[in-house]
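After this come two complexes, each holding subunit A, first together with subunit B and then together with subunit C.
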Partner chain A sequence: MSPAIVPRRLRGFVIPLLMLAGWWAVVRFGWSTSPLLVAPARVWQTGVDQVASGQLFAALGASLWRDLVGFAIGAGAGLLLGALLGSSRRVEQLVGPSFHTLKQISLFAWIPLLSVWFGLGDAAKVAFLSLAAFFPVVLNTFEGIRGVPPDLLEVARVLGFTRAQRWRKVILPAASPAIFAGVHLGLIYAWLATLGAEYLLVSGQGIGNLMIDGREHFRMDMVLLGVFVVGLVGYTLNWIASRIEARALAWRGRSVAQFN
Partner chain B sequence: MAHTGTLHIDHLSKQYVVQGDTLPVLDNITLTVNPGEFVSIVGSSGCGKSTLLRLIVGLEDDYQGEVLLDGQRVVGTSLSRGIVFQEHRLFPWLTVEENIALGLLNAALPADEKARSVREHIGLVGLAGFETAYPHQLSGGMSQRVAIARALVSRPDVLLLDEPFGALDALTRAHLQQELHRIWQAEGITMILVTHDVEEAVYLGDQVVVMEPRPGRIRRIVPVDLPHPRDRSGVPFAHLKEDVLAEFAGEAEAATAARHADRRGDGTRGPDSGFALPAGLRFAL
Partner chain C sequence: MERSLPYVLDAIAAPSEAGVARLRGRLRPLLSSWLLPWALPLALLALWALATHFAWIAPQVLPAPDAVVLTLKDALLSGELWANLQISLLRVLAGFAIGLVGGLALGVAMGLSPTVQDYVYPLFKAFAQVPVLGWLPLLMLLVGIDEALKIILISKAALVPIALNTFKGIRNVPTRYIEVGRVLRFTRWQMLARIVFPAALAPIWNGIRYGLTHAWLALVVVELLASSEGLGFMIVYGRQLFQLDVVLAAVLVVGMVGYALDQVLAAIETRLLGWRKEAF
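Moving on to the complex of A and B:
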């Protein structure tokens, strides 16, 4: 296909649209008669119904709320520990080995422990996804602060900066690209973990529970609707984070040479 | 311009400890720099000339002897001593004027005074019109001008320059040497320039301090009794340059002798110099 046929901005839509067309054709021309295959229009109708009844937003709202609370706790704690590890050799020597060991444990291995400690309700889910956000934020914050150019810290000494000025004027701006990258990753991981938590700690309301219900009742339309919504939310969260990052780090776009 | 800034260095010695070995970096340096004077320090790599500057600016401590500015022992850094490094070390996320204003962050001046001083110094280094440019938009020479303005904006008594033009191309370097000379005359402050460029040292310095390495010592101080600005193509300039270079030749002979001595023994060698070195010393080079 010559590049001119599809304008560059719309090229990302080509594959989803082709798949949608293929899906529609499979149903329309009866190439498969599996009861698990539902028509695109059916999924759309389910979506409209779920929105109209308020069920979709109730489920999505519950999931997003847990996501944001868990993300805030995990990222907040992660920033704090990352900053401590990055700015103090002593803290790194003391806490670093424990942290690096814990980080090797698969997130899902925490589930049994968390469910014992926090039950199967919201508390356990929030704890799980704050762990998911915690690790990438700690690691990136740590690396960002450890990577502040010593040359610039020396300039700060020559110019007589106070401790607060050193943080505000040198360390945070220099480390901010890495810190943002960590927070961004934390946001994505937290959303992935939100769904994981709903599957593994089945109770309460959420977009994951909606999909589980759909599966148990052979409602493929419901399952597929869930998949779309989850994908869309993830995409939107990522987009918002990228926008904030781009705006906060506008200076970096103009001086990439020094920082990447 | 007030003529304070007598710098007196008295029997200064400094060692580093590298893996348990004591490694002398500076040995018994005595030097007086008068207010408003321009002193060039030349020497080959490893002669401790940068360490000497770092001691004067207060980035290094733990030394024997005295470093006195106007009779006060130097402890830590101070806005009365500015420094320009070989790399410009500008903050990439700040504009030219914001970078220069950092030099006044902790100066006891009202905000409008600070703004005026920043503006004046942008003019002084010839960067009017580039106030809002970011460092990556500047050439190497322009960045170094900003670094000079940042170091001068707090009106220090002494400006230290650590091979500030070492990374620039020859044309830019010659031009900035002239500019630095003009700034020195305009501001009337004491300047100490570390360089390995003998011509630069003679062009700018009232005295040229020739240092020799291992450990860093003053080999000779050559006074430059030529009127400012110097004529690089003049005969007296050429003579002085040769005079200073001859000191290096002496050092090279010593190096050759050391190398021959080394061939006979089985001592370890430095990475690029051919000098015989104790094991610990190699880390410092």
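Moving on to the complex of A and C:
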């Protein structure tokens, strides 16, 4: 298609709209009789019903609440360990190799173990989520702090900064981009893990349970709705994290601009 | 002679004292860099052994370390572990190969052609937004829970990072390089083969490494959820029978294979990208 036919800004919509039209046509003209084929309108209707009955929000709320609690625990612990690893060679030698070995274990392989140790309820899920957020946060915090330019620390020494001042005014600001990247990654991992936890520890409610139920009852509309909501939530979490990151790190851009 | 003896003794004693000090000075960093890393795992292992030995923790919750080792040995000798490992590896390689080819093709197309990028990239981003696990129930309905499900999910897991990094790698080739190519009157093919791909190789390779890691992660999930063989199934099976020694042994193997896969790619990387270091 030549550029003249579709304006650049709208091109991204072409394929999705064609797909939607194709889907609609397949249902409308009865080209396929599979019971799994549901009309786009039916998915929409299911969405409206689920929202109206409050079921969707209850499930989403439960998922998000777990997600945030697990993320907070994991990221908090991760920041602490990352800072310790980054600032002390001794701690790095002591804990580093063990940490890097544990990191190799595929995340979801923890679930069966956690389910024995914490039961099948929320405790195991939250433990798993915090584990998911923990690893990227530790890794990035460690690398960020280790990567603080030595010249900056020398300046701090010359100025006679106390330990608290050194952390607050030099180390944390210099390491903040890497730390934010880690926290951002942790948030994404935690959301992925939220779904995994709900599939594998089937108890309680959540968006993952909604989708698994939909699958068991061959309710394609429910499953599609779930896919859509999961994508939307992931996108929103991503967006919020990027905004906070951009705002928190805005001073960096400005200060550089000033000196240029 | 009488006079020289103390002198000789001094001469022997003095360097030996200095030598001891020097040896100690050399030993200390060696001690801390070689022995310190073992302190924590050994302490944990000791605690674990003690806890199980004195039955502070029920064996159903935490089996003894030697039980895990024994289970691992049995599984190895009986061939059970090899059979499951082989199945898992075949799945991961098949899915990864498909994801690799698809991801490279998509990434190259989006990177080289702004038109393709305009049309496909937004859809790709939306597609990537839903994690592998989000697609799982949908795919279970569409293709059932057989091999196809595993291969599709694993290839999706590998495809996204590979396509994204290839796309960004090609996009971020410095314009200066392209200008050099233009000055040298490179043909389109020469431009690609001599400038664009070598310059984008590092990010592309990074994407491939991520892709393999994600593929391995996806394999474990899929096998945990819907499988009757493979390493993930061993974990589920052990969990159901409350044989945590089987679970722990399988988890151990999962970790080791994941590490080995990454190491293989790292080794290829040093060969493939070794030329980059020579430039500096």
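To be clear about the criterion, the second predicted complex is superposed on the first by the 233 of 260 C-alpha atoms of A that agree within 3 Å, B and C clash if a C-alpha of one lies under 4 Å from a C-alpha of the other, contacts with A are read in each partner's own complex, and residues count from 1 in each chain.
Please note the rule applied: a residue touches a chain if its C-beta (ideal position, glycine included) is under 8 Å from a C-beta of that chain, and two chains touch if they have at least 3 such contacts.
The structure displayed is predicted, hence computed values, not measured ones.
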Which of subunit B and subunit C A:165 touches, first, second, both or neither: first
Touching partner for A:173 - first (subunit B), second (subunit C), both, neither: first
Which of subunit B and subunit C A:97 touches, first, second, both or neither: second
Touched partner set for A:152, first subunit B, second subunit C, both or neither: first
First, second, both or neither for A:116, with subunit B first and subunit C second: second
Comparison of subunit B and subunit C by subunit A residues contacted: C
On subunit A, positions contacted by subunit B and by subunit C: none
Subunit C residues within the subunit A interface of the complex: 32-33, 36-37, 39-41, 44, 60-62, 115, 118-123, 126, 129-138, 140-142, 216-217, 220-221, 224-225, 232, 235-236, 238-239, 242, 244, 247-248, 250-251, 254-256, 258-259, 262
In the complex with subunit A, residue positions of subunit B that touch it: 57-59, 77-79, 82-83, 85, 87, 89, 91-93, 102-103, 105-106, 134-137, 150, 154
Of subunit A, residues touching subunit C in the complex: 1, 3, 8, 11-16, 36, 90, 93-98, 101, 104-113, 115-117, 191-192, 195-196, 199-200, 208, 211-212, 214-215, 218, 220, 223-224, 226-227, 230-231, 234-235, 238
In the complex with subunit B, residue positions of subunit A that touch it: 151-152, 154-155, 157-162, 165, 169-170, 173-174, 251-252, 254-255, 257-259
